[in-house]
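All remarks here apply to the structure that follows.
Each chain carries a letter (A, B and C) given by its place in the written order, and its residues are counted from 1.
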């Protein structure tokens, strides 16, 4: 007489969020206070900068709303001219540092995100081409990628900036700064994507389903794409996150060097550049708060990216 | 009976994970006599390699020995402090791994790696150690040993490398060598050479071998006794001839039936339906019961101990005194 | 092995040529050299004559070859902005940047390897955690903020060290060095720390990761199985294997330290090539930009080649 063992009861179908929460990645997130803190800070910053107009007491880049007598008000005190309380102090023109922070962060984040999208698209495309086409083209793309990786991004960005400046008519300089910076920073960061995507493409290209597709008359490339993209989604996401922090810092560096966003539409880098002038004269708040904001943004994104990389890496579990 | 060289009693190896504690080796017991070759065979994931690693104290964390004892010549070694255990390794118990290419440090000449081990355990001078290293290389069959001792690992072929690895494992004259899949990464023709070499070394140096493999052919060639492992437990253990020709445990029978031979009369290979259970879902009672064709009620409730038959031991309720007649 | 080295050499030459092409293209297509050199009052006839004299009417490949020939002699023409030969500007500012770059690289290497090895061995200790925190901060703190921070702490508050410039320098031939004077040495401290910090965090992380990876290999496991003491495994076996990829990667990074110096030089008003380049970008001073690019490419290619050479020496698998 034999006993037949029962199959386990079918699991109830869970919603997408519930499944994500239960997954290994979700578990890793839930139990990592660092990841939760970093994500919270990042979300708060994004929220704050998006709705900056509504949150801040003043639009610091609307000249009409400034009162020169407010200049150099220390943090927490009321301005001599308007009587408004300046939470983080006021700069030489009477601009509220808190407001300037939010607006500046917005510019920094916008440029950062735009450049990340640019380098992602460029890098992924080049990686796909290199992996699929192979031969000389692949060798060329990869060699350029290698060189791009070992050259500091600053140099590439500065170079692009210089050339753009030479090519664009001076009257258009200010308006084009945003675009130029996006392209400059984007061009200095695409290689990582290309490498990862190419590696994945090479692996997929050798698999038999590609040949099988060709045999039955399908075009191999779209078939392969369908398999490559899900495979690279994870690593590309990690690269993009860490790249975002890098792009924000690069933008800040360029602005600091004086080749970035102008003081009329400043990013955090520009604010720091302006603030540095007052380092020796004692108005420390003009320099400190934009610096702290910049580091906080970069740190949160980096921490989140680090956690994401560990969570998505099967080998580390 | 002579005192066993190695005695493993109720060894249990656990892995704490976030899904709970997984028991990868569950109550394994066996002895190895001096100079004997014990084969440990089973599918991937049965716990063979972990047993070997646990014996020599090289379990990768978070794995740990959670119970049982390991005795070397009557003395416990599983609870030794790290430094004492290190002195046991190499000198009394050696270990050989599967892939000879990755087992050797590519940046050091094999002579350097040999003399280092020899000097460490015997305190010989550099010149003496080098002489002994050459002897060892000759012993394992490396041609032109005097010259090749200064070569780097990548300058040897796969089979030669495994010989070098064996030489390294023997360098300090251990009494037992644990060989974890020593032939799996080699070509079939080279496998035969390495097996012959291991048998020769076992005889000449009077060293016992715990031969872990999934290849029954190697066991049949080399081992004196064999233990069949399943889901972290021993299903059957006994003299090689007995287990192979007169397998008792239904799992072992299935294994033997699934090996293609040139002289078999039947046309189909036996398949055991299903697969070995995952560590998170080991059945109650006998771990093999969901797949067993002879299963009955007791199998699903009570886990069988190793019960004696004429020459072997089987962990199967079919062989409990009252059931023997129906086996 | 020889094939490997020759390939490396060719690649280096290719890089220099490619960068040369970019630099030359800048000359031809960006800005108007005629306008810059001839001035605003020049007539059309003047411009045409200048054009002919500068050889701007010759075909592209010939102009490119001429450009490269001049570059090989260190002749990049006249700076648009400063009306001096670019070569003079380069030689003036080169020592400042080289000193800074080399010292910071040494600092980063020595401290980085030490901390990285320590963090890999004592995975849970205080040092290991500090190392991880430090490297995380290092990636989130832009170089210029580090520079500003250090200036604030040591120059403004504590007043121990100067906040800008090289201090007094000693001239030896065409080289100037700050290492022989006290103010020179003091002036070097903060910039070296700043430029070295980012490299330090990179090296630290790399060494730690490689060392951990090495400690997980089969040959380390086998060494343990032979009873070799852990310390010996760490420092004689694992460290050796770790240094092979570390040396190559660090070597590759070294080639571009000079370019990394751009930001540091700006923060500390260090009179080096980097500051020169930023200035050139702001004013679209093409000759200077081109010269800087070529120089960086040259250093990059040379250091890469030397690194490849060293790599072949230390890894026996390549010595066939």
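Some points to look at:
In this section, contacts are C-beta pairs under 8 Å (C-beta built on N, C-alpha and C of every residue); 3 or more make two chains touch, one makes a residue touch a chain.
Please read all numbers here as calculations on a predicted model, not as lab measurements.
Listed here as common contacts of chain A and chain B: C.
Interface comparison, B-C versus A-C: the higher number of contacting C-beta pairs is recorded for A-C.
With centres taken as mean Cα positions, chain C sits 54 Å from chain B. Our note on geometry: chain A versus chain C, Cα centroid distance of 25 Å, whole angstroms. Those residues of chain B that touch chain C in the shared complex are 56, 58, 86-91, 94-95, 97, 99, 102-108, 116-117, 120-121, 152, 154, 165, 168-169, 171-172. Residues 11, 14-15, 22, 26, 29-31, 136-137, 139-145, 148, 151-152, 156, 252-253, 255-256, 259-260, 262-263, 266, 277-278, 280-282, 284, 286, 289, 293, 296, 300 of chain C are the ones that touch chain A when the two sit in their complex. Of all residues in chain A, only 143, 147, 150-152, 154-155, 158-159, 161-163, 165-167, 245-246, 249, 252-253, 256-259, 272, 276, 279-280, 287, 291, 294-295, 298-299, 302-303, 306 touch chain C in the complex they form. For chain C in complex with chain B, the touching residues are 217-219, 221-230, 237, 240-241, 244, 314-317.
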